[in-house]
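You will see chain A twice below: alongside chain B first, and alongside chain C after that.
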Partner chain A sequence: MPCGEYFTSYEGRMGLLRWRIQRVAFLLALPIPLLAPFVLSGSLVSTVTLIFIFVVAVLGLHVMLSYAGEIVLAQGAFMAIGAYTTARMVNELGAGMIPSMLVAGLLTGLIAAIFGLPAWRVKGFYIAISTLALQFIAVQFFFTREEFAPIHGGTQQSMPQEIGLVGDFLAIESALQQYFFALGVMAVFVILTMNLSRTGIGRMFRALHENDLSAEVLGINRFRNKLLAYAIGGFMVGVAGSLYAMYIGFIDPGFYGIDITLLHYVMLLLGGMGRVWGVILGVGSVELLQHYLLDFLTDTFPDATALEPFVFGIILIFVLILEPKGLMAALGQVKEYLRKWPYAY
Partner chain B sequence: MVEAGGLFSALVTGIGIGALYALVAIGFSLIYKITGVLNFAQGQFALLGAFLVVVLSTSLPFWFVEVQIPVYAAVVVTILIGALLGVLLERLVFRHFIGEPVLSVIIVTLAFVGIIEGGSRFFISAQYRAYPQELQPGWSLSLPLDTELQAPFVLGVALALLTVAALMAFFRYTVLGSILRASASDQQAAMVLGVSIERTIVIAWALSIAITSIGGILLAMSSGGVGYTIADVTILVFAAVVFGGLDSIPGAFIGGIVVGVLRQFGVYMGEFLMPGLDSVFPMVFLLVVIMLMPYGLFGTERIERL
Partner chain C sequence: MSGPGTASPKPAGLRKGPATPPEEAALGCRSVTRTFGAVTAVDDVSIGIDDGEWVSIVGPNGAGKTTLLNVLNGFYDPDAGGEIYLGGEDVTDDPSYKRARKGLGRTFQGLELFEEEDVLENVMTIRAVKNRPNVLSAMLFYGVGGRDIEAENMRRVEEILDYLELWEYRHSTIGALPLGIQRRVDLARSLALEPDVLLLDEAMSGLTFDEKYDMVRFLADLHEKEGLTMAMIEHDLEVVTDVSERMIVLNQGAVIARGEPEDVVEDPEVQQIYTGVD
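== the complex of A and B ==
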């Protein structure tokens, strides 16, 4: 690691992989996710697939919350919209996974922008609670009532065992194929999100996040850009909902309650807000911790499924007491220590 | 058909239920006013209070410990434990988060959702538990137009009014109250004047959780026992508090009553139109209020400057 920054061009400064050590690390790490499913056990592969799916969902939240600063509590509703759209596209039109995923994302983005309409007048915690109310109406009322079946196509639906990528071609059927599909989608969205923060749109979001009044004075349209953030974030969460439907193979309004929203907040904030790597770290550590915790607890106590949220909550509080800004900040401190090691200069 | 009697009885029951929501909502807005934390676990604290009464007064064990004391003593002890829990929480957990991002503290309250629900499922009981006979009073208050208000609701209205009045008087007339108000309006200025922020936050948590447990006990009494649906009150409390303005205690009270009435109207209208309206009515109302009055009825409007 160099002790100063020697960038000679803007491209070099803004690059995603800036130093030689990062390029080497990237090349060395690249085969790991590709080879991992052949080494890991079946249940662990399934957990990692879920991590990939949730990374996409939390990236959507990340765009809305850490870039644009909008506390959106409607993660479950967005995923539900994505999931039900996918189920209809796949079951009734036979459209295949990729087209239905895109349509699900676009529709969710549109509805997310509608969810964002209260941002016209309110912000902060009030926006949090208005999106929570919309989440409640969408999931507890709209998706649970059979009267609306002509729109959402039935409250409980199952997905086919085999889903083609486009139409019936290249069917995804095994857990391994689901793993690679989720990995690919996640990679696309990780790169998209990283690039979004480097574009003008990303900078406008950040300006609104820091101080929306001064951003407006600088000529940024506050309302339009906030709605744009909702639409982009909603698109990602909708795609994740679509993948989640494929992963579980069954959709039920119960999956999309407030719990999943809160879980995604825990993931984002445990990882550390503001960095894409923080999202990946947060989702990964929460899911793996829950996986091993449940294994461990069910081995030790026979009926301990209720104990899992209990222990998880206590661990979460300990981690946050030690490092309130999240795991990414903790890693940053380790890095800083190692950089100066053994002699701080 | 819509008739005056049914509508009036819906109104009365709504006020009764609303008073119970109001108690939990007061606990919520007390925390928000003084510490700026949105407590997502408010419903779970109500649940814990409701469960503690059963644990203390019947043979239901807490893990292996079995306590059995008279019912009314159990209620008092529960409220005291609530206050003590507030103190402990602040000492052990929330003290570490002074000056840290508010979102981190919110995640801690989310962790408490899991801790309390999972903990009470494992250590106490995963099922609905009926309340002892003494806490299921049979009497009710007769009102005109053939309507009656059940005993828990009467108690709820009385206690909620009492709590609001006591808190208002406390904030207005006592030194401690004005210290709390001072640290709520500007923490740094209050610290400069020698106010211990730690102590005010401890008091806020203790009061909040004690009041919330009262609300939880009454909610359980109104349904004859304690079940996990009590925790769902959180979302209604949000609606109530936003309507009244997040940081206003009389606002929380009025908001609670309004949400209760709307819910009861939803139940009533649901019989004619479509069941399930009771959960939607308060939410739609909440959205309308937010659009019309972004700071609620009595909330402080933040005036921004560059």
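== the complex of A and C ==
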């Protein structure tokens, strides 16, 4: 950190942008996402919008896994619950995106907490099975059956072309408006997650992750905090599901399979667990890599676009062998090198 | 401490029950038994630790000391019929986290620190238990009290770290610290709860002479200046007799002697279990 800059208050030490260089970098970077959609191609704007949505979803996973140490295998189910709830709220009640998102988040958070109840007795892979059960029950049983249409509204549903923010007020109709709406929601959840991390609740989650027995003996209610982590994480993933429904404009159970859960794990691990910036970096890297890789294969080997998952997998393995702690750790090493430069110590 | 061969006749009262009834003690238990299958780790133990008292619990390996501590703080439940009292309140049915919030702190023989975090975060984590925000104020941070609570927590934690001379290690991760410093962090973490009673499970185990000296200095200060009630498991009888006001000796899960250290160490049965010589 820069020499000669000192904190004179505890509040200053807890700031999100503590150092002058961070504040300058933030101000310089701020216009980039605001101006990007006016410069980038339509397909890239669409990819970046998806990045914003998946950042919210992976932040939910980050709270449950990186903070509370709970392996959750129901990202697809959580997103599906958020998406179907939003579709019903928007199509049948005309509620608009913001109320629909909130209800979708609350319902998903509640269901996530219910499926986290086995945390009372078990942990680790055993509780992961409980969330995997939710994935199968929700996506492969509940949302695929028309018999449950009175509850979920139909296995396949279309979203309206125009969705108001609240009711019909301020309609989101273009890709550009979707971009800015998703950016705003992502920014809110990034700040909320950073706040969670630097306060007592986040610390208690991490303590339970690291040593749940000593944490409980020293006053942390293990069961309550595990359920809280599920509820907060589930809320975030549900909101992401809501945004995803708006983005795709159509919902189908096939969008929410176990593969989306695995993709979110790849994003989290590639970025580096434990840091919000790692989530952003991981999601951004994976989505942009997929985007450009597909473009490259389409242009260079038009008959071999099916190789995209294969090449993508090879690149991921290569990156994780080079830096098992993810891209944030690699960036940390670069930062440390530059800090000491031109000396090696 | 007296040398070998100076054993005097057994002082009266060493086999009596607790001087203070558990209900009136800062921390006490009555008729506590804890069995694991066919093994009785704690056998019908009743103790009462007075407010502001420093008691040492000693005994050979496997005597049931740590199990007794674990029962007192709720990590284990006592077998049917046992009762635990904290500040006069029956806490037998309270889980361990509730007992901690009611003022029962402890350190661990195996440290059990949060290894991935630095010293400051370790202590801040447990401080959050004392003065914790709700979810909404935590996530909003500004304007609903989250920030003020965190600043106040940090101020108090810095005081504790200063007191235990840990300031230079604030941002060191636990794994990078020597054992003596880790034991101090363990103590700092339990002090962040501002406990009324502190249980110390071999807080000086594995320490060098200088590190033990420092630890005793901190504990003696806490006891004398803050009036902290302490129950300490310790193998070093020299430390025990120097610092504690009362001593409880366990053997095979049962209390075999209790009283002032000078009297207890003279007890032939205590000497026999420590030296193996009749």
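Here are some notes:
Keep this in mind: the second predicted complex is superposed on the first by the 337 of 345 C-alpha atoms of A that agree within 3 Å, B and C clash if a C-alpha of one lies under 4 Å from a C-alpha of the other, contacts with A are read in each partner's own complex, and residues count from 1 in each chain.
Just so it is clear, a contact is a pair of C-beta atoms (placed from the backbone, for glycine too) under 8 Å apart; a residue touches a chain by one contact, two chains touch by 3 or more.
Note that the structure is a prediction, hence the values are computed from the model and not measured.
Applying the stated contact rule after C-alpha superposition, one finds that A:S130 touches chain B and leaves chain C untouched. By the document's definition of touching, of the two partners only chain C reaches A:R13; chain B does not. After overlaying the two complexes on the shared chain, residue contacts for A:S43 are found with neither chain B nor chain C.
Once chain A of one complex is fitted onto chain A of the other, the partner contacts of A:S174 are absent, as it touches neither chain B nor chain C. Touched residues of chain A were counted for both chain B and chain C, and B has more of them. In the overlay built on the shared chain, the residue A:L196 is in contact with chain C alone; chain B does not reach it. By the touch criterion defined above, A:L228 reaches chain C but does not reach chain B. Using the contact criterion defined above for the overlaid structures, shared-chain residue A:I220 touches chain C, although it does not reach chain B.
Overlap of the chain B and chain C interfaces on chain A: residues 211, 213-214, 217. Of all residues in chain A, those touching chain B in their complex are 71, 118, 120-122, 125-126, 128-130, 132-134, 136-137, 140-141, 144-145, 147, 211, 213-214, 217, 258, 262, 265-266, 269-270, 273, 304, 306-314, 316-317, 320-321, 324-326.
Taken in their complex, chain A has these residues touching chain C: 9-11, 13-14, 192, 195-196, 198-204, 206-207, 210-211, 213-222, 228, 232.
Those residues of chain B that touch chain A in the complex are listed here as 38, 40, 93, 96-97, 100-101, 103-104, 106-108, 110-115, 117-119, 121-122, 126, 235, 238-239, 242, 246, 274, 276, 279-280, 283-284, 286-287, 290-291, 294-295, 304-306.
Remark: chain C residues 73-75, 95-97, 100-101, 105-106, 108, 112-117, 121, 124-133, 135, 137-141, 146-147, 149-151, 153-155, 158, 189-190, 193 touch chain A in the complex.
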